[in-house]
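These are the structures, in structure tokens.
Shared between the two complexes below is subunit A, which pairs with subunit B and subunit C, respectively.
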Partner chain A sequence: MNQESNMSANSKTDQSASALAQVPIENAKRWPDLNYFNKIIYGASSLAKGMKITFGYLINTKTVVTQQYPENRETLILADRVRANLIMKHNENGYHDCTSCHICEGVCPNASIHVVDRSEPTVSKKELGYFVWRLDSCTFCNLCVMACPFSCLEMTGQFESSTYDQSLLVYNLNQYSGATQNNLAKLADDQARTSAIKAISPYEGPVALEGYHLAGIPKEFLPQKSDAKTSQAREGVNP
Partner chain B sequence: MVTLNDRISCHTPNQDGTTTQEYFINMGPQHPSTHGVLRLILKMDGETVNDIIPVLGYIHRGIEKKAEAVGYRQQVHLTDRLDYLCALMNNWAVSAAIEKALNLEVNDRIQTVRTIIAELQRIQSHQLWWGVFGMDLGAFTPFLYGFRDREKITEIFEKTMGARLTMNYFQPGGMMYDIHPDFVKDIKEFIKYFRPILKEYEDLFSGNIIVQERLKNVGIIDAQTALAYGATGPVLRASGMPLDLRKMQPYGAYSKVNFTVPVGTVGDSWDRYQVRIQEMYQSLLIIEQLIDNIPDGPHMTMKYAAKIKPPAGRYYTQMETARGIFGTFFVSDGNDRPYRMHFRTPNFNNLWSILKMAPGGRVADLVAILSSIDLVVPDMDR
Partner chain C sequence: MKSLSFYIHNLYQNQQWLDFILYLGLGLILTLSLMSVVALVLVYAERKIAAHFQCRLGPMRVGWHGTLQTVADALKLLLKEDLIPKAADRFLFALAPFLTVMAALLSLSVLPFSLSATLSNMNIGLLFLSAISGYGVLGILIGGWASNNKWSLLGAMRAGAQLISYELSMTLSLLSIVVLSGSLNLNEIIASQAQGWWIWRAHLVGFISFVIYIISSTAETNRTPFDMAEGESELTAGFHTEYSGMRFAFFFLSEYVNLFIVSAIGSILFLGGWMPLHIGEWESFNALMDFVPGPIWFLLKTGALIFLSMWFRWTFPRLRVDQLMRFEWKFLLPLGLINLFLSSIIALGGFYFFP
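Now for the complex of A and B:
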């Protein structure tokens, strides 16, 4: 090391040392070191002091904070911003606002969202086919909700979603394949609207990376896509 | 150079000249007092720990590599998963780094709210540490009391952010939502509630003779050694060096508030314990000074675009979390994804100070030392 760099290193150390000296400090409290007999007296009194607090709580039932979940489900109040299961908002007639723009898919950090365009759109140029959401890989980061330009996604307070089968954690969020409510409103009547859309179930469609490929479930237990009975059974679990 | 092999094969003689057989034992990776999957190979002689070799990698998730594959907006949610007890401070550090790269000034409201929330998180983190510390020393009551009071802060967070542990709340350019209308009222209630409780913590636990005996003069490390090992936060401050970035390089609203930095005098487990307890009092003071006059303004200063493209360059930001200095370094090549992302996490550096603290002590002392460092294992491995 040459002298110049040595000096600059020194001045840097001095600078940080003076900055350290200016920090207002308070010393950590230390109990005094006691001799053997004082320790016995102090020890007994300190234990009594601790037990006083414990018995205080034992007697004072107002301090109980235990919640009896799941018995208190009806009275359980969750904050309105709680982020749990993702839903796609549908209006009172059951129509959504999603234009299948794929922004949420791009912003999702762990590929939990897979948007599939409708293969044969009827009203607009591009229509939503399936909105596949994988709960099993979702981290509830809320980025899809923030990024959606049409505000059609929402994280609800519904948090009880445990199942025995990982494949049941892969959902279709849209209730029908088809155009947005604005585009459907241009059609003549309800009958035209109904024929322009195709109703689908939460577990229908080309689900990307279906959960059972990962879960280690033997093949004979896997639901077959064409098997109507299995499909019904799956819907029955979590409609 | 002393290799690992040398350390394993060398023999530590007894003080009285006799020889006894040394043996190796694994502590962890599944051990309740390592607070996660940390494995320590202990070279022991009877009950005495002669050498200690930490083994990492049991919860390595490749977050730094994954960070190269996702955009800048997604980085924030990855930092939730490093030190999950300081998730919001990590969010802040990475958001500030991106703001620095974009040359973006955030307004006073955002800075003030971020500071308040960071201090709340510091209290919350120390509450959990206090509870678990008691549990490691064999007392179950502190664990319940710590979690009971932590829940109060978690509820405040849940109201504003909608999440309890992995918040992803501070975004580049501001916050995801504005604060909840009840935010100020709830925090004032909490401060009023928590001050007497903190006194109770000291009566119940700090003054206890068993705690005193187990912590005093156990695991001593001096300031120079701690600094050489890269230890920061309460571990370094307990050795007597008042290195606190909130004072040294004030960020957020820390330059506007008055507070002192608690430092230890001996550098033992007791000092590390007491420094954290006194930090909780200081955090309450900081919040009290800021809570009454949160400035008005928008909660987000940039358009919520899916992609962020900072100009090419290298950017580094560091902040004082509850465990020490958390630094974010990234290299941008002008694309929407970082070329390289690196996190300087406090726990990784704090861990190695046990190499100086533990040898010569008993196994039970090692448990107290580990707990007094306050390790979060996912933060080391990341």
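Now for the complex of A and C:
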């Protein structure tokens, strides 16, 4: 059973396996078949080799990889693989590729994504309304990025995401409600495009805990339509 | 009451007693301060050196390049809550850290920092030192036992087993130097190296004893690659799992003071202690070397050995318990015995270099 699943996994990762095969692998050095004294010499020489390497690290300060974070905030170098924040890619004109297909929503193991269709689509049959992402429950597994058939999502290294209020960690990734950039490109001019979409703020729509209200969201991010009771509660918590 | 005042009066009359008490007090204060300074400096050095061995920076925030980090850590440990587990043996639990610190203190008192700067110039200094280093493990054993924790107990038992084994080859390597120099007095051992340090003066024998000494002293101080007593990966923290605050600080302190002590003994026996480096006939070079005072030489040599020990710690893989024992009984001990035999031949025949 286990073997089978391994094999199927292998066939799926054929590409990477062949890439690995191209890397020359030095014949793995095993403990040589030596007698007592040669074993001592072999062991001592391998220890000396290790000491040489660490001494190189000690005297060569260029090998230090530590980054002193708050001081070097401007020059911080992060590896590409750092996954700290999910964004939706928007092109230079500010249009995204999301078709609101809900695949990422289904694939997320933590239900951290909630895709809301636009209630009144203008260009296509189905348009993205709100792409709600819950940073607070995301494990940064990257599954949504890999699953998206249109490569709309991206993981970035922007890791400074702490806030004083958990509800601020639930927000929209899309900057507008509306069709994809391809569908918008079919429209006549910029004016038509602008009227076909609706710009939204990160904390607009059914954001906080999927529609349930959480106190502490700054006023400027609050949706326009809210009943008096909840807005009072908001003001009470967040002056 | 009368007898007490009489006694004090007597003491006052008899100046020797007063001198003795004054000497004792001063010696105690000096040794204690030396101990804390050594521990503070060594902990900082270890953290920095370890960091650079591993391509890190180490402490950088407190003080210039983190120089005050250990002071801050010590303060923190002093202020921390001191927990004693409910099921622990309270008396022994409290006693154990003091025993280990006491052992370190006693060993420090006999080290000759220069010809004159020796607190106690014993004629059996080396014997005393090896006896005390055996006594130091008592604190570990008691601490592990009193904690009433299986990890602590396992760590303590390992420490005991390890010490008993490695004490043998350590003593054998010390003995070969005693045979060569013909004395147990540390100052006389140093004086016998005026012509050349034992590490190279006695052909290969001195060097082999040196290697054996370095290995067994690393085991003696329970440092990686022989850190069976702590064994972070399998025993949480070994014998001091249950210790916190001040008592933990004592264990920590004695660990680093012990490192200093074994390196100091190494430098005394094999590298000539406070003896300046002399090379054969180079008169001007020798005169220049003489210009550097003895304590500096002593500290330099000790520092070099401490660095070597740290280098080992951050490079070598750990041994398993059975490998550790096999290494000692099947390799080090026979080698030490052969070495002692050879050194006796050399001492009897007087086949030294630079006679």
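Here is the rule we go by: the second predicted complex is superposed on the first by the 141 of 239 C-alpha atoms of A that agree within 3 Å, B and C clash if a C-alpha of one lies under 4 Å from a C-alpha of the other, contacts with A are read in each partner's own complex, and residues count from 1 in each chain.
Note that a residue touches a chain if its C-beta (ideal position, glycine included) is under 8 Å from a C-beta of that chain, and two chains touch if they have at least 3 such contacts.
Bear in mind the structure is a predicted one, so any value in this text is a computation, not a measurement.
S.K.: With the two complexes superposed on chain A, say which partner A:L47 touches: subunit B (first), subunit C (second), both, or neither.
M.R.: In the superposition, A:L47 touches subunit B and subunit C alike.
S.K.: Quick check for you: in the superposed arrangement, does A:V65 touch first (subunit B), second (subunit C), both or neither?
M.R.: Both: A:V65 reaches subunit B and subunit C.
S.K.: Output check: A:F55 vs subunit B and subunit C. Expected answer is one of first, second, both, neither. What do you get?
M.R.: Only subunit C is touched by A:F55; subunit B is not.
S.K.: Applying the touch criterion given at the start, work out whether A:I77 contacts subunit B, subunit C, both or neither, answering first, second, both or neither.
M.R.: neither
S.K.: Just subunit B (first), just subunit C (second), both, or neither: which does A:A188 touch?
M.R.: Neither: A:A188 stays clear of subunit B and subunit C.
S.K.: For the overlaid complexes, name the partner, subunit B or subunit C, with more touching residues on subunit A.
M.R.: Touching more of subunit A: B.
S.K.: Shared contact residues on subunit A for subunit B and subunit C?
M.R.: 47, 50, 53-54, 65
S.K.: Which part of subunit C faces subunit A closely enough to touch in the complex?
M.R.: Listed in rising order, the residues are 49, 51-57, 60, 311-312, 314-316, 331.
S.K.: Which positions of subunit A touch subunit B when the two form their complex?
M.R.: Per the stated touch rule, the residues are 16, 19-20, 22-31, 33, 39, 42-43, 46-47, 49-50, 53-54, 65, 79, 81-83, 103, 106-107, 109, 139-143, 146-147, 155.
S.K.: How about subunit A: which of its residues touch subunit C in the complex?
M.R.: Residues in contact with subunit C: 40, 47, 50-51, 53-55, 57-58, 61, 63-66, 68.
S.K.: Show which residues of subunit B lie in contact with subunit A when the two form their complex.
M.R.: Touch list, subunit B to subunit A: 70-71, 73-74, 77-78, 80, 141, 148, 151, 155, 158-163, 166, 168, 176-177, 180, 200, 203-210, 212, 216, 238, 241-244, 247-248, 259-266, 270-271, 274-275, 278, 304, 306-307.
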